[in-house]
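Please go over the structures that come below.
Two complexes come next, and they have one chain in common, chain A, joined by chain B in the first and chain C in the second.
Showing the complex of A and B:
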């Protein structure tokens, strides 16, 4: 029994959330059962992901290969849990458990009605399964299917709140994300036409042999992929849907969308660029320069836009645009430190941004106020929530001992190694700007006169969720050991291929 | 009495349309079509019933709870069929490896679990089509 479960773990982490999502609608009347099922499956997922990560760490880089249906690589779909897959699986599981815990018992106000809450959870689990699938899949067409599942569930999550603004944001997102999906599908089609393979390893081998015969097709495929995944992961000029979508969604949805969904598409982009194209081909086509340039623009522009926002959740949403810039910049550095930094930053931002969004959601739910200027003295009234928000802010700015610091440090070292002095400067300027848009919130919350209102911290499950995420931020900053090892090993593996 | 001919003809034809949909679902691996196309044909027979005999009668045939259940468990059925492989010690979605006899090529049983998996997809597609139809018809203008 145990042997069967461990042997099939790579597929279980993907299908377990989907199974629960399928049966959930029939329990819609029994809210308690639905919530417990969701939290239980997330906890099981975390255990499974942790076990897979420990196996991968012990095997020192030999990936776990799983062939669906027993059909091996070029014919069947292959799941591969290498360092990269295990790393992202762990991030997905570690963030989605606290978010599910936070949603427990307080979604009804934001979403309204038992049916709608159940629908929210169904979409939440579908998104979860799709993200786990993106982490482990080694098949190009499978990536497209998972991207579609994730996109449609994201649209549902954005429109979960019964509000015209949410519907409008979801519609904009739907249109742009569908455009992105079409581009991704086009890119995969181009690759399939010239290589004849959908398995990433085989496509990469074939591409390495024949790319000189079809330089334009490779160009088209690469740019389609970059723009397609760029739209979905809110790369700067294509970010227009993100602020509305992430600020109008219910808080747990904002947390999971900003924290994980965006990262899922970035992992797909990383897999396509580094595994299928390979770093030599990327440099041949100057993709790395484009990525660094786009990353630098996104960091500065996202931060400046965030500075101008007075609405709390919108400021956090624009901050996500800036942080995606860091990750894209790291993808373009094409060296070991830069890639390690990108992966670690991806994980740390997932934890930090979900803690910030959940804290913001708790504040908005308690006070009913959306604007930063109205939050005077909130730190005294809601100590736990604001403490978590402060920890998250310190992490995002990159203060030592918090998780953002290690990611930024490696990115900085990587950009110096690659000889991009300007990129290093932009990383530092980005941190300063980040402090400039996050610290005023903390100042307003702690150092302004306390209002008379009766504002309180949220209930017990919400507090536990917030504290778990804050502890995660500190642990990643103080003792990043296994995480950093997985990230650096993934970076080595990605750079060794071809 | 105005739609007498329409109702009589529909009563004669609709069961056969439904049966044809099931045929397409089960023969997905040996003939054109498949579970998706067959599911749509099955769904269509119910949609045609509701348009000819009126929405209330159509709703009475397939109440919302039934559709909810078929939609959820139709998809789950796919997963359960995939689990057969794991239970038999083969990978997820295994067919021949799970010890299912494949029979003579071209016969209905030659697909192994495929037609059973198709049944799940067909049920799901049919109930989704019907749900979409009712949602659009019952929407307030």
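Showing the complex of A and C:
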């Protein structure tokens, strides 16, 4: 029995949330049961992901391969849990559990109506399954399907609030994201037509042999993929949908969208670039230079836009645009330290940004105020929430002992190794700008006169969720051991492939 | 020039796909009517489907159903067609969801024009 479960774990972590998502509406009348089921399945997912990660760590780089339906590659679809897959699975599970716990609180008021809460959870679990799938899949067409599942559930989550602005933001997001998926599908089409394989490993081998015959097609495929995933992960000039979508969604949805969904598309981009094209081909076509350039622009522009916002959630949303820049920049460094830094930064930003969005959500739910200038003295009234917000801010800025620091440090070392002095400067300037748009919030919260209103910290489950995430930020910064090892192993595997 | 034209003649399905893709992308980006944007998305996706299926086609190839008694020399590749079946399903669900959102927007704003909706929203936030 245990052996069967262990052997099927890679597919189980993907199927389980999807299955529960479809069963959930049958219990729609019993709210408590629905909430407990969601938290339980997230907890099981976390245990499963942790177990897979420990196996991968023990096996020293030999990935767990699972052939769906018993058909081995290249005929069948292959799931592969290597260091990269286990790493991202762990991130997805570790972030979505606290967010699900947080959602138990005031979701009913936020989405308006009990029956809408169940629908919210259905979408939440679908997104979760799709993200887990992105972590483990080794098949190009699977990526497209999972990307579409994730996109549709993200749009659903954005429109979860019963408000015309939510519908508007969801529509803009849907149109642009579908444009992105059409481009991704086009890129997959080009690759399939010239290589004849959908399995990433086989496609990569074939591409390595024939790319000189089809340089234009390779160019087209790479640019379609970059723009497609760029739209979806809000790479700077293509980020226009993000601020509206992430700031109008209910708070748990904003947390999961900014923290995880964007990362899922970045992991897909990373897989396509490093596994299918391979780093030699990337350098041959100078893609790495484009990535570094785009990353630098995104860091500066996103931070400047964030500085200009007075609405709390919009500021956090623009900050996501800047942080995506760091990850894209790291993808372009093509060296050990840069890639390790990117992966670690991805994980740390997932934890930090979801803690920030949840804290912001708790503040908005308690006070009804959206603007930073109206939050004077909130730190005294809501000590736990604001403490978590402060920890998250320190982490995002990259103060030592918090998780953002390690990621930024490796990115800095990586860009110096790659000889990009300008990129190193931009990483530091980005940190300063990040402090410039986050610290004023903390100053307003703690050092302004305390208001008369009776604002309070949220209830117990939300407090636990917030504290769990804050502890995550600190643990990743103080004792990053296994995470850093998984990240650096994943980086080595990605760089060795060709 | 002649070689280019000949290449175009042989590969005309790809050429049509490029034209369709451009029409779709332009419609999405330049039209402010929400329905037209959605139609643009659908045209764009059809272009990609066409490209995939053209990639799997082999001129003179038979339908890929293996008949032991009387094997054909050439079969077309069935994989792209199967993939595009999934693609069409995805595209239909996106369309359905987008139409539902348009209905909701029409109920709250009384128009399906993206520009008017933006104007009305700005008036609400200012007033």
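Keep this in mind: the second predicted complex is superposed on the first by the 497 of 498 C-alpha atoms of A that agree within 3 Å, B and C clash if a C-alpha of one lies under 4 Å from a C-alpha of the other, contacts with A are read in each partner's own complex, and residues count from 1 in each chain.
The rule is simple: a residue touches a chain if its C-beta (ideal position, glycine included) is under 8 Å from a C-beta of that chain, and two chains touch if they have at least 3 such contacts.
Since this is a predicted model, take the numbers as computed values, not measurements.
*Asks:* In the three-chain superposition, say which chain, chain B or chain C, touches more residues of chain A.
*Replies:* C
*Asks:* Contacts for A:148 in the overlay, against chain B (first) and chain C (second): which applies, first, second, both or neither?
*Replies:* Second partner only, chain C.
*Asks:* Applying the touch criterion given at the start, work out whether A:179 contacts chain B, chain C, both or neither, answering first, second, both or neither.
*Replies:* second
*Asks:* Pick one for A:159: touches chain B only (first), chain C only (second), both, or neither.
*Replies:* After superposing on A, A:159 lies in contact with chain C but is clear of chain B.
*Asks:* On the A-aligned overlay, A:66 touches which partner chain: chain B = first, chain C = second, or both, or neither?
*Replies:* After superposing on A, A:66 lies in contact with chain B but is clear of chain C.
*Asks:* Kindly classify A:399 by the partners it touches after superposition: chain B alone (first), chain C alone (second), both, or neither?
*Replies:* Neither partner.
*Asks:* Please work out whether A:8 is in contact with chain B alone, chain C alone, both, or neither, and reply first, second, both or neither.
*Replies:* A:8 contacts chain B only, not chain C.
*Asks:* Could you tell me if A:189 is touching chain B, chain C, both of them or neither one (first, second, both, neither)?
*Replies:* Only chain C is touched by A:189; chain B is not.
*Asks:* In the overlay, answer first, second, both or neither for which of chain B and chain C A:220 touches.
*Replies:* In the superposition, A:220 touches no partner, neither chain B nor chain C.
*Asks:* Regarding the shared-chain residue A:171, is it in contact with chain B (first), chain C (second), both, or neither?
*Replies:* In the superposed model, A:171 contacts chain C only, not chain B.
*Asks:* State the interface residues of chain A toward chain C in the complex, per the touch definition above.
*Replies:* Within the complex, chain A touches chain C at residues 141, 144-145, 148, 152, 155-156, 159, 164-165, 167-168, 170-171, 174-175, 178-179, 181-182, 185-186, 189, 192-193, 198.
*Asks:* Using the touch definition from the top, list the residues of chain B that touch chain A in their complex.
*Replies:* Counting only chain B, the residues touching chain A are 68-69, 71-73, 75-76, 79, 82, 85-86, 89-95, 97.
*Asks:* Which part of chain C faces chain A closely enough to touch in the complex?
*Replies:* Of all residues in chain C, those touching chain A are 21, 24-25, 28, 34, 37-38, 41, 44-45, 48, 51-52, 55, 79-80, 83, 86-87, 90, 93-94, 97-98, 101-102, 104-105, 108-109, 117, 121.
*Asks:* What part of chain A is in contact with chain B in the complex they form?
*Replies:* 4, 8, 11, 15, 18-19, 22-26, 28, 66-70
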